[in-house]
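Next up, some structures in structure tokens.
Shared chain: subunit A. Partners: subunit B in the first complex, subunit C in the second.
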Partner chain A sequence: MLRYTVKRLLQLTVALLGLTLLLFAWFKALPGGPENRLLPDDATDQQREALRRALGLDEPIWTQYVEFLGRIVRLDFGSSLSSGRPIATELADRLPATVELSLFAIVIAIGVGIPLGYLAARKRGSWLDFIAVSGSLIGICTPVFFLAAMLKVVFSQNMGVFPTFGRLTPGTGFTEVTGFRVLDGLITGELDVVGNALVHLVLPAVALASIPLAVITRITRASVLEVLGEDYVRTADAKGLKPQTIRARHVMKNALLPVVTVIGLLLGSLFAGAVLTESVFAFGGVGSFVYQATTERDYPALLGFILIIAVSYVVLNLLVDLSYGFLDPRVRVRS
Partner chain B sequence: MRTSRTTLARRAIGAAAGAILSFGLLTACGSDGGSDEDAESAEDFDFTCPEREDAERAPDEEANENTPFVFGTPGDPSSLDPVFASDGETFRITRQVYDTLLDHDCTEMVPGLAESWEQNDEGTEWTFHLREGVTFHDGTPLDGAAVCANFDRWNNFTGGYQSPNYTYYYSKFFDGYAENDPEMGIEAETNYAGCEADGLTATIRIHEYTANFPGAFSMATTAIVSPGSLEQITDDEVETADDPLPEYTQTADVLAGTGPYQLAEWDHSGQAVTLERFDDYWGETAEVKTLIFRTISDENARRQALEAGDIHGYDLVAPADVQPLAEGGFQVPTRGVFNILYMTYTQGHAPLDDHTVREALSHAVDRQRIVDSVLPPGGTVATQFMPPSLEGWSEDVVTYEHDPDLAQEMLADAGHEDLTLEFCYPTDVTRPYMPAPKDIFDIIASDLEAVGVTVEATPITWVEYIPTTRSGDCPLYLLGWTGDFNEAYNFLGTWFATETTEWGFDNQAIFDGLAEAAAEPDPSVRAEHWAGLNELIMEELPGLPISHSPPSIAFAPDVYPMDVSPLTQEDFSQMYFAAE
Partner chain C sequence: MTPAKIEKLERLVEAGAQARTAESGSLWRQSFRRLRRSPMAIAGGAIVGVFVLVAVLGPWIAPYDPTAQRWGDEVFLNRNVFPGPRAENWFGLDHLGRDMFSRMIVGARQTLLVGVVATLIGFAAGAAVGGTAAAAGTFGGRWGQRIEAVIMRAVDVALSIPMLLLALSVAALLGPSLTTVMIAVGVAQIPIFARLLRGSMLAQAHSDYVLAAISLGVPKGRIVISHIFPNSLGPVIVQATLVLATAIIEAAALSYLGLGNPDPGNPEWGTMLADAQRFLSGAPQLAIYPAVGIIVTALGFTLLGEAMRESLDPRLRRQG
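This part shows the complex of A and B:
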């Protein structure tokens, strides 16, 4: 197991290095440098040139790349060109919002998706199955930003049930502990903050959960259907085991394997959805930051962000792979 | 000293005659009476500083004390020390906190912290007589020494602070620094010659007059910060241009100004800056106690937040949203115009170097249609490269009326019946002077096609747009500019000071005239120069001035808004929650 983990970690390092090279080359190939965003429209060519020099953008590309790598190794991501703040600070400030939102979304997706998929498989061909299958198809097909905007029109503007933007009503006093508003409110006992934060989370989390929910429902359904047809399930049934035992020990445990893999992958892609959801709800997390960095050609910020996302993505995948060992002994044996 | 701005603005109206019908429908609330009435109200419409239509309302004391006023902004500010900023979102906030020596009332330059000011004949010595009894938020009184401390500090900036991404405006006004850092690319010597304080008087000297003065003293970047709070700054050093700004510019507890509001909090993750009323403000104290500027970058999200009652006002309303908002009971006061949208004829591309062709194309474009269908209320057709509110706007410029037949004829005379022209426009952006680039492009392109010109559309993303157009690669392109202060040089000097690839024309009379005007310290003589230059420029016809367009701002029904400003320099202390 240890050997397997080390091998995977080495593979990851190589993959990440390749990624930095690709990203760097790609950003440099994009036309239009950051100096055009940083300076007002009427800046003279001399001022633009001066800024390019001052930012080191006139140096050969590989020099810039080596410098970039050197900084990464020292865990210095540089400062954002648009806000002038260190990227690490920017991300640290905004990450809790995105993580909180993503966690809520994935909890919704798992909490609804797995039972729904399971029930749909058990009652195959029923109306429930029909709703689950067609609903998840719609869920997969609906763009997140569209759904987010629709939810907002219906529930915020027309019904006035949920707020249109943000994590808390502006002006709400709160004590920052971890940066997760709900958790902070629970820690400090500011229950009004907890309620306020939850109300703000509902619409963005539902919007963000839509695709993972659909995927999880479908995968669970398919996987449960497959397992239900397996010999060992019929055997267990024939042995006269209680249906609950069969479902828990034989069906679910085996059916969940592919679902876990998918959840790992989905967690990574949640960040992509968060970029869109956050901008619709002005949520102020990493997503809004990345959106801004993209439009402003803020290379250091984008590189820093993508690297962090990439690292978390591959680490999540590694964890998922390792968790197989616990869920499925065959993996342990093979490695 | 100044001719009345109303007169100047009225002159503009001739040029903008029929804009108004559609516009009158929007502004003359509830007048479904017939077009005569609308046309009449439009006739009186002042494009520079439209008169308010709403009556004064009684403040709701309780709400003003207890409800934070939330204003939706399109972007985050960059620094709470205004000298390091060059963007409107920062200035919107810092203007409430710090005061400048001079200020604008509508577009007229008026006293700010200085009760009065004078200049010597050469325009190299500016004496400001400061108001009495002004205190900073930290309790220090304002005096001449405080003013000088700020100017001296800026002049002595070193290292990364000299990079134009941090001190763009300062280097624009004062060229260089006490000691220029060779790494930062600034070569010009400083134009700042020192500051002398004597009680409530501060005298600022420059080596050589440029037309940036006295406008520079009204810019949000040259706002006066308490010397006491400057001393508290401990991390005031930035070595290179990509070093982050020091932490004190990012937190609300260091700097103090003299404005109606003081800094309370900057919540970076919540993208909100909170200001609290300053009760010892030298002017009229604000009604609203707590003011929150919250970033909502998406235009639709801002509108929805206002409609749902989550915010109380926002800026940069999409022109298409103005009417629905007004119909929904929201207030969308009309700003005056202070910008220009133009289409360049880049003369590096034949046959645009042929004056007849440029003239023909100008006659082909129906600019009124752009004003009517794309711009928000208050927009108007431009006759020259600056808005009518500026000294030096000329009513005697050659105008090019919409006349497609004449255009076709002229093109035939010039031998260009089958002209093909590449036409660039930006794709992913709206600018205050250009609300919907593609729509504007479509109208012009169809007008050009109507007179037989084949238009090759070239959409370009905004980051590439400025470099591409500057390099002269686009024969036709749309661009514009919003003024910083009331000075024609701030417009004309931006484009026509010398031969450039982006315009591609070589007209020494214009270049020389501009240099002469820019060095003329007497404002009235300078205005004459500008007027003559505007006439000269419109004869040369380097491009077609299209329109002046006011960016729209919106407020909730229960708010009594401040006077809106053509320079987007709104004073939030004037606004409050109204009782009914």
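This part shows the complex of A and C:
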């Protein structure tokens, strides 16, 4: 197990270095170059040269790369072009909003997806199965931003059931503790804030949950179907175990393994979906920030975001792999 | 890219390899026969068929010029007046007084083009990467195997980045245009195709006909290009059908992020959908038409692809 872990850690380091190299090349290749973005159009060649030297752009390329790496390690991505604040601060301030939203989305996706997928598999060929399968196919095929926008039009603007934007009704007094509004409200006992924050979370979380929900439903269904056909389930049935026992001990326990893997990794891709959802509801999280950075061509901000997502994704991957090696001895032997 | 997806890709590879090696082609024919009986394949095929037909014939069957602002004086943006469906304009008018029905019909072509070109870019580059890795690993000796390992590690890292982010970074390099969207979405598909083709080629490399070709003294380059490669394409074509659906949806998302065509004179569903977000509260129908078009089309390609995969995969068949 130790050797396996060390090997995976080494691979991870190489992968991350490769990633920074790629991002460095990407950043260098961006149109315009930083000196053009910082200077007015009528700047003289001498001014350009001076700025290039000040920014270290006249150094050899590998020195610049080492410099780039150093800044990444110090989480120094520069300042956002739109707000002027440091990008790392900007991202850190907004992270709780996105994490809160993603958690609610994944809770919805798991809470609905696993039971639905399980029932669909058990009642294979029934109308419930048909709805689950076709519903998840349509869910995967629906653009997230469209779904979010339609939810907003129908439930906020026309029916007025849910608020149209933000995390709290403007002017609501609240005490900031962790940045997670729901949790903060519970800690400080401001229950009105909890309710207010929850109401604001419903629509964005449902929109964001659509694709994970579809994926979880399909995977649970396929996985349960596969397990139901296994010999050990037939054996358990033949030796007269109660159906409930078979379902809980033999079917679900085995069927959930691939589902758990997928859930772990869906969390990473939720951040990408959050960009689209948050922009529709002006949620003010990392997603809104990235949407703004994209539309305003704020490249340093994009770089910081991509780097953080990529790193968390790769690390998450490693954790899942390691937990697999832990749970399933065959993986260890094979490597 | 999740392990489940990777496992799916690997299953597809395995299924393709079995279909090829067992009883010379009869399994392929069986698969096709099964495909014709599958309701999923029929529904998907019908949707894709209609879509392609409209895309090809678009300009000839559209009742009006999709770019002409013929009824511009009947639309009032500030008062939210958008004439809805009526006898002469079946889907009503868009925000510039253009016929929505004509725009939908003509837009199908650009939408198909975006999907197909993006998929082809992903396929071509992915095939080059995956094919090189497989060829080096099979025939390149120890150094070849090292090259293969490095390439595939890089592919794994690329697979781990969410597709939208990959597309976003490419789009940032190239500036907004429809070409950007095609390239960005295509590039994001490269790792999927690379991994799939490599797996498929490795499966073929161990088959009897390759052994026969080697013992006959056929040059290795030729074995790879004219024996292994063509025989490995089955699973890749199945995947391409599925990727087409993703490509159309991702393209719409990139347009929404402002990276698509900045001047949508020439209609395209993704651009139309993104554009319509501005008038959503007053005229949701402007978004609904292209959205339904995209959803139905993506559904068609997904159904067809999944049905093809199922008919190829003996394991999924046994369950059915």
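Rule of thumb we're sticking to: the second predicted complex is superposed on the first by the 289 of 335 C-alpha atoms of A that agree within 3 Å, B and C clash if a C-alpha of one lies under 4 Å from a C-alpha of the other, contacts with A are read in each partner's own complex, and residues count from 1 in each chain.
We adopt the following convention: contacts are C-beta pairs under 8 Å (C-beta built on N, C-alpha and C of every residue); 3 or more make two chains touch, one makes a residue touch a chain.
If you're wondering where the values come from, they're calculated on a predicted model, not measured in any experiment.
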Applying the document's definition of touch, where does A:G166 land relative to subunit B and subunit C: first, second, both, or neither?
first
Please tell me which partner, subunit B or subunit C, touches more residues of subunit A.
B
Going by the contact rule set out at the top, does A:L322 touch subunit B (first), subunit C (second), both, or neither?
neither
If we overlay the two complexes on their shared chain A, which of subunit B and subunit C does A:Y291 touch? Say first, second, both or neither.
both
In the superposed arrangement, does A:E49 touch subunit B (first), subunit C (second), both or neither?
first
Which partner does A:A282 contact after superposing on A: first (subunit B), second (subunit C), both, neither?
first
If you stack the two complexes on chain A, which partner ends up touching A:Q157: first (subunit B), second (subunit C), both, or neither?
both
Partner chain in contact with A:G18 - subunit B first, subunit C second, else both or neither:
second
Of the partners subunit B and subunit C, which touch A:V199 in the superposed model: first, second, both, neither?
neither
Is A:S83 in contact with subunit B, with subunit C, with both, or with neither (first, second, both, neither)?
first
Contact residues common to both interfaces of subunit A (with subunit B and with subunit C):
31, 149, 152-153, 157, 291, 295, 297
Over in the complex, which subunit A residues touch subunit B? Could you list them?
31-33, 35-43, 45-47, 49-51, 53-56, 78-86, 89-90, 93-94, 96-97, 149, 152-153, 156-157, 160, 163-171, 179, 279-282, 284-285, 288, 291-292, 295-297, 300
Contacts from subunit A onto subunit C in the complex sit at residues 11, 14-15, 18-19, 26, 29-31, 137-138, 140-146, 149-150, 152-153, 157, 219, 225-226, 229, 258, 261-262, 265-266, 268-269, 271-273, 275-276, 291, 294-295, 297, 299, 302, 306, 309-310, 313-314, 317, 320
How about subunit C: which of its residues touch subunit A in the complex?
2-4, 7, 153-154, 156-157, 160-165, 168-169, 172-175, 245, 249, 252-253, 256-259, 273, 277, 280-281, 284, 287-288, 291, 294-295, 298-299, 302-303, 318-319
Which residues of subunit B touch subunit A in the complex?
68, 70, 75-76, 78-79, 84, 86-87, 160, 163-166, 168, 171, 183-187, 240-245, 249-250, 268-272, 274, 290, 292, 294-298, 300-301, 304-305, 307-311, 428, 461, 463-467, 470, 479, 481, 494
